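Please find the structures below.
You will see chain A twice below: alongside chain B first, and alongside chain C after that.
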Partner chain A sequence: MQDLYLIVDIAGQRAALPASYVESVVEIDDVAPVPCAPPHVFGLFALRSRVLTVIDTLAALGEGSRVKEAEMQAVIVTVDSHLYGLLVDNVDDVVAIEGAAVAPRALLSPGWTACTHGVLDHQGAPLLLIDVHALVAGPQALAA
Partner chain B sequence: MKTCLVVDDSKVIRKVARHILESLHFQVEEAGDGREALDRCQSATLPDVILLDWNMPVMSGMEFLRSLGQSDFPNRPKVVFCTTENDVAHIRAAIEAGADEYMMKPFDRETLESKLQLVGVA
Partner chain C sequence: MDDLLGDFIAETRDTLEALAGEIVAWEAAPDDRTRLDSIFRFVHTVKGSCGFLDLPRLERLSHAAEDVLADVRAERRRPDAKLVNAVLGVIDRIAELTDAIESGQPLPDADDHILIAALQEQDEPVAPDAEEDDDLAAAVEAALADFTTQSAPIVAPAIIAASAGAPPAVGTASRAVSRTIRLPVDLLDRMMAGVSDMVLARNELARRLRHSGAESPTEVAFERLSLCIAEMRDAITRTRMARVEHLFTALPRMVRDISAELGKQVTLEIDGGDVELDREMIEMIRDPLTHIVRNAIDHGIEPPEERIIAGKPLAGRLHVAARQVGNQILIEVIDDGRGIDANRLVKKAVAVGLIAEDRAATMNWDSKLALIFEPGLSTANKVTAISGRGVGMDVVRANVERIGGLVDIDSKVGQGLRLTMRVPLTLTIIPALTISSGGQHFAIPRSAIEEIVRIGGDAVRMASLGGAPIVFIRGARLPVVSLCDVIGLTDNGMVQSTLVVVKLSGGNRYALAVEAVHDHEELVVKPAAPVVMACGVYGGTTLPDNSRPMLLLDVAGIAERAGVQREQPNPNEVAEAIEEEVQGEAAPVLLFRDLDGVARGIPLGLVERIEDCHTSLISTTAGKARLNIDGRLIPLISCGVAIVEEKVRVLRMHDGNQELAYAIDAVIDIVSIEIALQRCEVAGPIAGVMLVEDRPVEFLDAFWLFSQGLGSDLAGEARPYCLLSDDDPWTRQVLAPLVEGAGYTVVYTGSDQADLADVVIISENGVVEPRDGLSRDGAIVRLRATPDNMGDTPDSLWRYDREGLSAELRRHWTKRSAR
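Moving on to the complex of A and B:
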């Protein structure tokens, strides 16, 4: 059985997002900061008539924090009926991959360890399968 | 082989839909907005079904539906409206404008297949 994934680059790492979470990919600007929010919450953004929470994926993974740019690429996902924009470095392609994720052979950072379901094999190359719920939850999931 | 025209301004969503539809043995064509979709419908054989996004630049899904309804096409294709809005008024407006079914985004293979079955093209 094949499943569909969106391949993205986050923190210098190629990774796969399950396509069933993905609503669209947009360029976002004018993100409103949220006072007292966790560090991985980059801010709020109005997408058409809806407000979404923008997630700094670098901060969520404990890999630093993203600098605000004029335009940033975000993958829009729905998690537990809430809308999030995951900031990514690059969006590559939509691919169908057969088989389940397996435990990674290489040592991952604590952030990636907490935010991945394992490794998928895509044309002989490993792809980290992102745990979208953990990524959205941020470093709290890492600390738990 | 049946044909599906996927109308969405998101290239990623068009690709996701294409993967699923091709696995369901559909021939897939794509349009990035309602205007492009209308031009496609006027210049070639009509598709069997149209997967139509709501919010798009140039011409929205709703504007496309109204234009399609006013056009004199002999065999109007089935239309599955893809939306992120789930309020009743929104869905009713789409159905009144001529949509045959609606589907929430994001969608997966099972959902899309069931909607295509509901409109009688799968």
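Moving on to the complex of A and C:
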């Protein structure tokens, strides 16, 4: 079986996002913060008159938090009919990868352990497959 | 009625289309419970709708099918092929009839009874009987006549009977051309998003145009574009919104029909039809509401004779109301019938094996009542054509919960039942106030806001109570919640200078401190992502014109979050509360600095509101100043100092039928004191003076102010004179204003106009020098000091008999005018 994945750099790690979730990749600038929200909620952003919730992937993976910059790249995903923007360092390519994800066989950080389905093999190199639901829910939901 | 019928046809057809697959699947596997349920619900809904649309033929068919399906559900019958075929036959016939109703063509009904008979056990075939045929024929005719609403001669039953033998004209009937279409809501959403984008693009373009200084033809074109976009936005917004009224219009007829059928009397009260709700929501609520109302009449409200025995009014009362509470719309159906006996409900639930007996024993009243929502449970002892199969309430709950709502039930046995549907406000347009705190903008639903006051401004006193900030607004003590603190915004050095007084649904109030209040906007609110909603302080997100997302605050959530500190018991609080109460018995007085810098006071009850007015709104005519408020001229009174500022603050007062405004400089405070004045000697704007917190404060004489205002209405007309013969303080301070208020000019003995007096008011033992005019008209009013002393001067009035005195003065005034 062959599926499409978007390869991104996320928290300094090359990883794959299932393309079925991905709507687009946009540059976002003016993010309205959400006070009170869990730390991985970076803020709200208006994309073509729809409001999307921007997710700080660093915080979601428990690896610090993202500093606000003028322009950031975000992958727009739809989870349970809500729109989210996942902040990524870089967007690489859309690739077709054969086969399902397998256990990583490595000691991942707790954040990554929670947010991955496993490892995909792409041209001989391992790629972490991101669990979009877990990433969006953030570390608080996992603790609960 | 045409609308309703149209809706019914469209709905039935839609459901039929969706059901087609289910029916086929059920045929293949007759034991499939969920398929059976959805088919059952379909016929149940058709039956219900037919009941109030007056389509007896359809109702008969669906009722028969429902009976059989109910038996299958209750496992009294096995769904064999014959039964499935019969049900399918009935459903097909429902489809044919629906088409026939729409096209207005009669559909021969000869074999309806065969279809119905086929549903019954085959060993007892129902013989066609002539009377029933006639009934059916008449029914079709009634339905058709109703739909086409034509005045053409009614098709005689005989004609239908004659055509009964002809083959049914299925499918050949041409469908009437309809001016309405049904659209997927997705499409509307996309249109809405598109228009919002257009608005944003237009705003951007407007900015660019301003910068580049475009020529006027471009501007004209742009204006036109703006107008078109605005109109389009309005129209598309309206496609989504509808008044709850649409939901309520069907009720009166339905209530009438059902109650007539059951021999009950029901008075229907409808309230809040102007509440706006998302069209989709209205459609989702329609069926549940119908079921609830049916149940209320059928099971709730008792027959007249039972009501009389119970000591209730003959006619049952059914109250249907919609209102917006916070970010929810509440739709209540209240009846004063017999209510639901939760214990009986439990017995029944145990009997049908829904719950175990030991569990039933531990349930409280509310959870017992909640059993009504369980599928297959009904308190009705007999199944009627209206309801009572126990499908209603589980369907109601399922429908309401699907749109994120709740159904609450509250029952008092013998007194009535209250069912409340709470549906979320999301996706609705709500009027909201935009505020900012910590440099960020938020929206608060307008419905939750009671008033907005400035700290340090009018009538607002901040204080601290056990470390918690509180505020006194016109004597009422409210907790202060700082928005910055509650939601953890970083303080950017700005002072939170404005208090938004928020009312919660329970009637509790608190003051939310914010930095600034900006604007009143109509916002489209959408649900935020679950992670954001989980914060508990937001009601949704919205996108204002500046394209920066804004959060809608949930005022109840904020109160809950902030409430933790306030719940700490504080003994001082109790003491303070008592003190406040004691103070509350004294009259609240508004202290203000007048234009001449003097501190003055006025009973707060007289002041309707305090307003800032532009001086340009003040006009002076014939020596009297008037203030233009909302297109009305209101007498403006001041202490005499010229108004030089561009803006002036006015106290607006109202005495029940007349308004006036008093110009002031600033409000000092509101205090609760017992007014004990040292009265002034001269009649004028000042009634007297007293010490308030060791400062002398002059009190305005409202009586005089209003008499001035009233007097201005008589300007130009000669006012009659009234001679007050006793020149004592009481006469001057108390009596004179009253007399002036009645339209007289007061003169005293010895003044130039004393001889012109039309009426003389005199104390009971005073002496009037006889003059011609006076004695002839008997225009002498004598006043006595005590209420009950009639002996000395029988025709005298007690001096505090305001009504008598006023009447007497009025009598003379009219007499003089007539002369």
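What to note about this one:
The criterion applied here is as follows: the second predicted complex is superposed on the first by the 141 of 144 C-alpha atoms of A that agree within 3 Å, B and C clash if a C-alpha of one lies under 4 Å from a C-alpha of the other, contacts with A are read in each partner's own complex, and residues count from 1 in each chain.
Note that a contact is a pair of C-beta atoms (placed from the backbone, for glycine too) under 8 Å apart; a residue touches a chain by one contact, two chains touch by 3 or more.
In this text, all values refer to a predicted model and were calculated from it rather than measured experimentally.
Touch criterion met: A:93 reaches chain B, while chain C stays clear of it. Legend: residue contacts after superposition of the two complexes on their common chain; A:48 is shown touching both chain B and chain C. Of the two partner chains placed by superposition, only chain C is touched by A:136; chain B is not. In the overlay built on the shared chain, the residue A:36 is in contact with chain C alone; chain B does not reach it. Contacts of A:20 after superposition: chain B is touched, whereas chain C is not reached. Residues 48, 50 of chain A lie at the contact with chain B in one complex and at the contact with chain C in the other.
Taken together, the chain A residues at the contact with chain B in this complex read 2, 4, 6, 19-26, 48, 50, 75, 77-78, 91, 93-94, 96. Across the interface of their complex, chain C is touched by residues 30, 32-38, 40-41, 44-46, 48-51, 53, 80, 82-84, 136-138, 141 of chain A.
Of all the residues in chain B, the ones that touch chain A in their complex are 10-13, 15-16, 19-20, 23, 55, 84, 105-109. Note for the complex: chain C touches chain A at residues 193-194, 196-197, 200, 438, 440, 487-489, 526-532, 534-538, 541-543, 547-551.
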